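The structures come next, written out as structure tokens.
Across the two complexes that follow, chain A remains constant while its partner is chain B and subsequently chain C.
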Partner chain A sequence: MIEVKDITKKFGRKKVLDGVSFTANKGEITCLIGINGVGKTTILNAIMNLTPTNSGEILIDGEKIHRETYEKITFIPDAITMLPQMRITDAMQFMKDFYHSWNQNRADELISFFKLDPNDRISSLSKGNTAKVNMLLGLALDVDYLLMDEPFSGIDIFSREQIADVFTSHLVEGRGVIITTHEISDIEHLIDKAVLLNDGVVLREFNAEEVRENEGKSIIDVMREVYQA
Partner chain B sequence: MKNFWKLTNFELNRFSKIYFILIGLTLAMQTIGIVLLSSSYMSDVEEQLALGSTLEWIKISVGTFSFSSVTSSYWFGGPIVISIVSLLIYVFFIWYRDWFGKNTFIYRLLMLPTARINVFFAKATTIFLMVFGLISLQLVFILMENELLKLMVSETFREDQSLNQIIFSFDYMGVLYPTSIIQFFINYGIGFMAVFVVFTGVLFERCFRLKGILFGILFAGVALFVFISPVLLQVTILEEFFYPNEIFILMVITGLMVTTGSIWMSHYLLNKKIRV
Partner chain C sequence: MNIKINSRDPVYIQVIQYFKEQIATGVLEPGQEISSRRELANKLKINPNTAQRAYKEMEEQGLIFTEGNLPSRITKNEVIIKQVREELILEAVNTFIASVQSINVPLEEAIGLIKKNYEKNPGGQEGNQ
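This part shows the complex of A and B:
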């Protein structure tokens, strides 16, 4: 389980996270929802120790992040994290060289799933294909937790569909996923847990299925209640 | 350790294109310099011969030609200065290139399942290997170019020089090619310590952005102060108290303190304060 406990983060005088707490379980898709600038990406960066927090604590399976943790959690940011001059095959080799958890069979499977050419240079890829390669580099790791920052942002409808298909496949099954988005429509039906954020504060954290069953509301209904209240 | 070598290899490959361009540029410019300067010299000689001057007179009036005639020209020193400046810029660029641009590679580097200080050491090792590589190649080039010079200028008008003589005929070569092992450790020790301090300064900036520039400059200032403190003490409070060899030992100690402090601070910044 990923536990985010009362974290605060300031950029200068501006407080971007103000006592954020939530949990994300293995085997569930947790979605951080909020408009741009509410601190979603900062939370993911903080979980991965890519930005320091001012207070609070983040635990992954009960431990603070350390070097070995990167073998069981990965982050797929909204921009590709490989060098533009690399071919897809070079990027995969890089991952294979450094990560014990790299699963080449799964990588090959993803190459055909996304219909990518391993010999293509990253700099020559379309925005949609770049997002798919970015996704591939994260999904081909045998990790317990996946963090994804706006995976659907700014890409074409067909690429969005292909990426959305990943969430219903065995590629994600059994793993804990934290995904951020400001456009929920593509994945609403896939989300197990929603965390609604505004101005660096968690407004509401709820189980999507429970709300559906008990209150007869969709995530979007709850969002309307919370954000338009 | 394995990850450190992998990272070093990766960093070396990233700079290889520019590096090979620098090597090519050095060889090309120095070779052109030898051809142009020796041709010009030989045409002067031939002119004098055509006028009926004796060989002795030509040697006096035109002078003899040696490798020093080349090392004192921009053709020889120019590419060396370009290489040094390029490497100095790369000391900063080796970090900043990972943050800027469309592909933010720093995410990947910081998420590798290895100690983050390995990234720091890999980048530093890359700079050190590049420096030693260029310096060693320059020696090989001098030997090759000397042979070319022998082909271009006839023995009568040539003043052959040993490698040592060639090196010391060029003002700054003494710094790059020290004559004693102790001088070697002093020159390169100070150079590499400076690289570590600059790296730490860059990391301060990357952690705290604008405020970090100030922290970085302060850190570099403190590092310099600590390093030269034995000399400062010697010329101020203690008034020639130490023997020169004692000053040297004290500066080795302060140098090691600065280097260790720099590595420790970088380790802390990379683990606790870094921002993507």
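This part shows the complex of A and C:
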């Protein structure tokens, strides 16, 4: 389980996170929802310890993040971090050199799942295929937790569907996923838990199926209540 | 698989409802093997934990059964299959009654209209989700 406990973060005088708390379980898909600028990416960066927080605590399976943690949690940023002149196969080699948890079999499987050509250069890929390579580099790690920042934004519907298919496959099964989005409709039926954010605070954290069952509401209904109240 | 998942009802209940309809109409036959949980999640684009929950619930209701590590199958229990069919019919009738009562249609008139229109509408699949 990933536990985010009352974290605050300031950029200069601006408070970006103002006491954010939530949990994300292994084997579940947790979705951080909010418009641009509410601090979603900052939260993911904080979990990965890529940015210091001003207060609060983040625990991964009960421990603070340390060197070995990076073998069991990974971050898929919203833009690919590989050099443009690299071929997909170079990018995979790069990941393999860095991480023990790199699983080449799974990487090969993802190559065919996404119908990619490993000899293509990153710079020559369409936006949709770049997003798929970006996903591949994270998904091919044998990690317990995956953080994904806006994996659906700015790509065509078929690529979005292909990426959404990953969530119902064994490629994600059993792992804990935290995904951020400002567009819920692609994944409304895929997520276990929704965390609604605004202005650096959590407005509501709920299990999607429970809200449907107990209140007869969709995730979007709850968002409307929370954001337009 | 033509099932349209709506976003307000619990997804696992919609999945169970879908299976009940398939069982009642005989599309899924007694003892027939069904998709694995993951295959179902993938086909319907739903959360695998939800598919798992739907199967668990159906198992408890006796709609499906699983032997050891084999794929789950539709029940062979005819009493249960008959109950499912009756349950679906009753549900549909109750919905119908509620909607005609809300616009004050007398029973005789409703029955007349049913008889008149029943044959005209052979598809039967419409609005069936």
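Quick note on the criterion: the second predicted complex is superposed on the first by the 229 of 229 C-alpha atoms of A that agree within 3 Å, B and C clash if a C-alpha of one lies under 4 Å from a C-alpha of the other, contacts with A are read in each partner's own complex, and residues count from 1 in each chain.
Assume a residue touches a chain if its C-beta (ideal position, glycine included) is under 8 Å from a C-beta of that chain, and two chains touch if they have at least 3 such contacts.
Just so we're clear, the structure is a prediction, and the values are computed from it rather than from any experiment.
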item: Simultaneous placement of chain C and chain B on chain A, clash or fit; value: fit
item: Partner chain in contact with A:189 - chain B first, chain C second, else both or neither; value: second
item: Touched partner set for A:104, first chain B, second chain C, both or neither; value: neither
item: Which superposed partner A:27 touches (first chain B, second chain C, both, neither); value: second
item: Which superposed partner A:124 touches (first chain B, second chain C, both, neither); value: neither
item: Partner chain(s) touched by A:81 [first = chain B, second = chain C, both, neither]; value: first
item: Angle, in degrees and to the nearest 10, that opens at chain A between the C-alpha centres of chain B and chain C; value: 160
item: Which of chain B and chain C A:217 touches, first, second, both or neither; value: second
item: First, second, both or neither for A:165, with chain B first and chain C second; value: second
item: Minimum C-alpha spacing, chains overlaid - chain B and chain C, in Å; value: 29
item: Contact residues of chain A, present in both the chain B and the chain C interface; value: none
item: Chain C contact footprint on chain A (complex, rising order); value: 27-29, 164-165, 167-170, 173, 188-192, 209, 212-213, 216-221
item: Residues on chain A engaged by chain B in the complex (per definition of touch); value: 45, 48-52, 67-71, 74-75, 77, 79-84, 94, 97-100, 122
item: Of all residues in chain B, those that touch chain A in their complex; value: 3, 6, 10, 14, 101-105, 107-108, 110-116, 271-276
item: Residues of chain C touching chain A in the complex; value: 5, 7-13, 38, 41-42, 44-50, 53
